[in-house]
């Protein structure tokens, strides 16, 4: 479990992180979202003891990162895949990490196997593609078989197979009861990956909730209806709800009443339905809605 | 011990320490070889054999030690290091110990290697190491390298950038301390308290060719071992400052 | 329009692109997909005349890139946002590009405005974030007001607002009648961006079709049905030969039938429907199914 309590980080007058409190629970994948400059990286760095908070506190299972005697056995982190010496081989990189936390060196071979880098283990990390560096970073995070995992933009540079692999992998880690905390800008990807969300903007907490709840709260549910008797149905529904036409698919988009009620109205009036699908808003819509004010840099 | 093993793996899993060591060896021993080859057989003295090691090769070792830290900052592996070992002081101390030890060993190899090559090229010269002063002059090179490495690591931690750290170390060692001697009257007095001047003082052989040696003409207030202690004191003080800064600074 | 005809590229014994033919039509966003090492980048580079095909050819509006009189006014490309001198200002970077193709100087300000970089135009590109560099790259691609646009992983490094912006931007370019070809690994993003897809694997064409057809053809379609009278509807559907499975919280999952057919049956028998949603597979599922044996990741990293 990761707990931030009134966490603050100020650089001169700039408040990068401002009075931020949240809890990341075990057994779930928790997404960490926010526009550029929202303070995500700074927060992750404070969790890991790389940056010192100006105020407040962040702990991992009640302890500061710096108090962990063998931190890699407790916390695995992938913040930047390029934090590797380019002239050092993948194996050597993992080896010194393992030795530093008294992790048996045999584990290096195992994690290389898990991420599929066994064949290139002896090559210098400097020649790796972004996707391979990313896999090496993940291998490093897994080395100590940690209970808490932090990933910053893990799918960066991965191809579709790699993206699917890491998503399923994170789900598995969470199912095993671990705490998985992932930051990403790819909302359509996060919608499939994270069960819980922590959303920040301008260094402050915007929301901490389940992904489903987050979307439901910020977007309006609509129902897509197709019928051979569209005109008649439109008339009936207009008395209860807002109805708009979707000219591309020729269906009606209904706001304001649930699908169930539409179905009953149709049945009462003996109208044939060809489709009656409740439409959920997307994570992207919800995110844009809630972070509108905290985006630093707008395009036209 | 674990942390020392970590730093050993890190140091020897990249190529730059090998290159720097090879370069230091070639420069240190090579210069002696050139001098020996161009000096009449029988005229070579022990004091001359250590020009290469105590001046030229020392600079390379300083650069190597600084690189051991600055490349970690350059490639952000310092963050990976601090993630693995959040106790930054012990992580950096372990690095200092490993690098200083290797620098010391390298110093001994270069120093005795220089004497060896001089003996081969100028067999008639008296290059025997007998007195304690002669032993200090040759074997002391390793101590100098070790302490120099500590100082270079401290500079590396403080400056973080390779170019800056290397420039500071080279200008300081090879130019600044010499140039201060130009200041009338006071210059020589100041020089008596400059770290690298004291380092040279420690190595001074005394005897006939004392005037040719680096640091000659300065009225040192300390004994030769006192000078070494002073050099070490400066290096350690700088390292303490660097460790405190590294601990407080965001990684 | 971009046309590839029998396009082939060999590096020694390795065949990077193998007899590849496809057409990218104007007026829509076409996604260019494939696993790592499928030959996407090589193909993009051949379209732009950076690499020479071993065999076959690729034409832009009927001509090879190298024969275009004013290439920047025909094709705009964003291959790597970092191809900018870090100490040159954004405006200066665009000015020399404009000059090289005899484009009017005021076009520079227009494209800066279009991508939202006007306020930082005087700053050095080296200080730009990846998102801003990406916008600058797009500004450069737009300089010559080209009919054909190529983007390689355009959302790389962008934040959610930037991703939304560029998606809308590409769709607007297509709506203006331009040809837009986008390569990306982010399938969930491509599913909402591209209406047409070209999928390659091991240098060969796997399929070219609309995004919807691609998904439908590869994933089995089911319809989710909810009704207070499922006990009545279920047997009716089974009688028609459809497969009915119990779904989550009291729903049915019907395969073999379209939602239209189910709706008609329900209405004919007076069954009230609470939901009737066609379930579509994801682009990712479809992609994994179709490229399954074309993935050479493990072999690829072994190189």
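To keep things simple, chains are lettered A, B and C as they appear, and every chain counts its residues starting from 1.
By definition in this document, contacts are C-beta pairs under 8 Å (C-beta built on N, C-alpha and C of every residue); 3 or more make two chains touch, one makes a residue touch a chain.
In UniProt terms the chains read A, C = ABC transporter ATP-binding protein; B = ABC transporter permease.
If you're wondering where the values come from, they're calculated on a predicted model, not measured in any experiment.
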item: Interchain contact steps from chain B (ABC transporter permease) to chain C (minimum; 1 if touching); value: 2
item: Most central chain, judged by mean C-alpha position against the global CA mean; value: A
item: Farthest chain relative to chain C (centres taken as mean CA coordinates); value: B
item: Geometric centre distance via CA averages, chain C-chain B (ABC transporter permease), whole Å; value: 59
item: Intercentroid distance (Cα basis), chain B (ABC transporter permease) paired with chain A, Å; value: 50
item: Mean-CA-position distance for chain C and chain A (Å); value: 23
item: Residues of chain B (ABC transporter permease) engaged with two or more neighbouring chains; value: none
item: Residues of chain A that touch chain B (ABC transporter permease) when the two form their complex; value: 45, 48-52, 65-68, 71-72, 77, 79-80, 82-89, 92-93, 95-97, 99-102, 140
item: Residue ranges of chain C in contact with chain A within the complex; value: 33, 35-36, 113-116, 129, 131-132, 135, 155-156, 158-165, 185-189, 191-192, 226-227, 259-260, 263-264, 266-267, 270-278, 284, 287-288, 291, 295, 297-298, 301-302
item: Chain A partner contacts - residues on chain B (ABC transporter permease) that touch it in the complex; value: 2-3, 5-6, 9-10, 13-16, 71-72, 75-77, 79-87, 248, 250-251
item: Contact set on chain A toward chain C in their complex; value: 33, 35-36, 116-117, 119-120, 129, 131-132, 155-156, 158-164, 185-189, 191-192, 226-227, 259-260, 263-264, 266-267, 270-278, 284, 287-288, 291, 295, 297-300
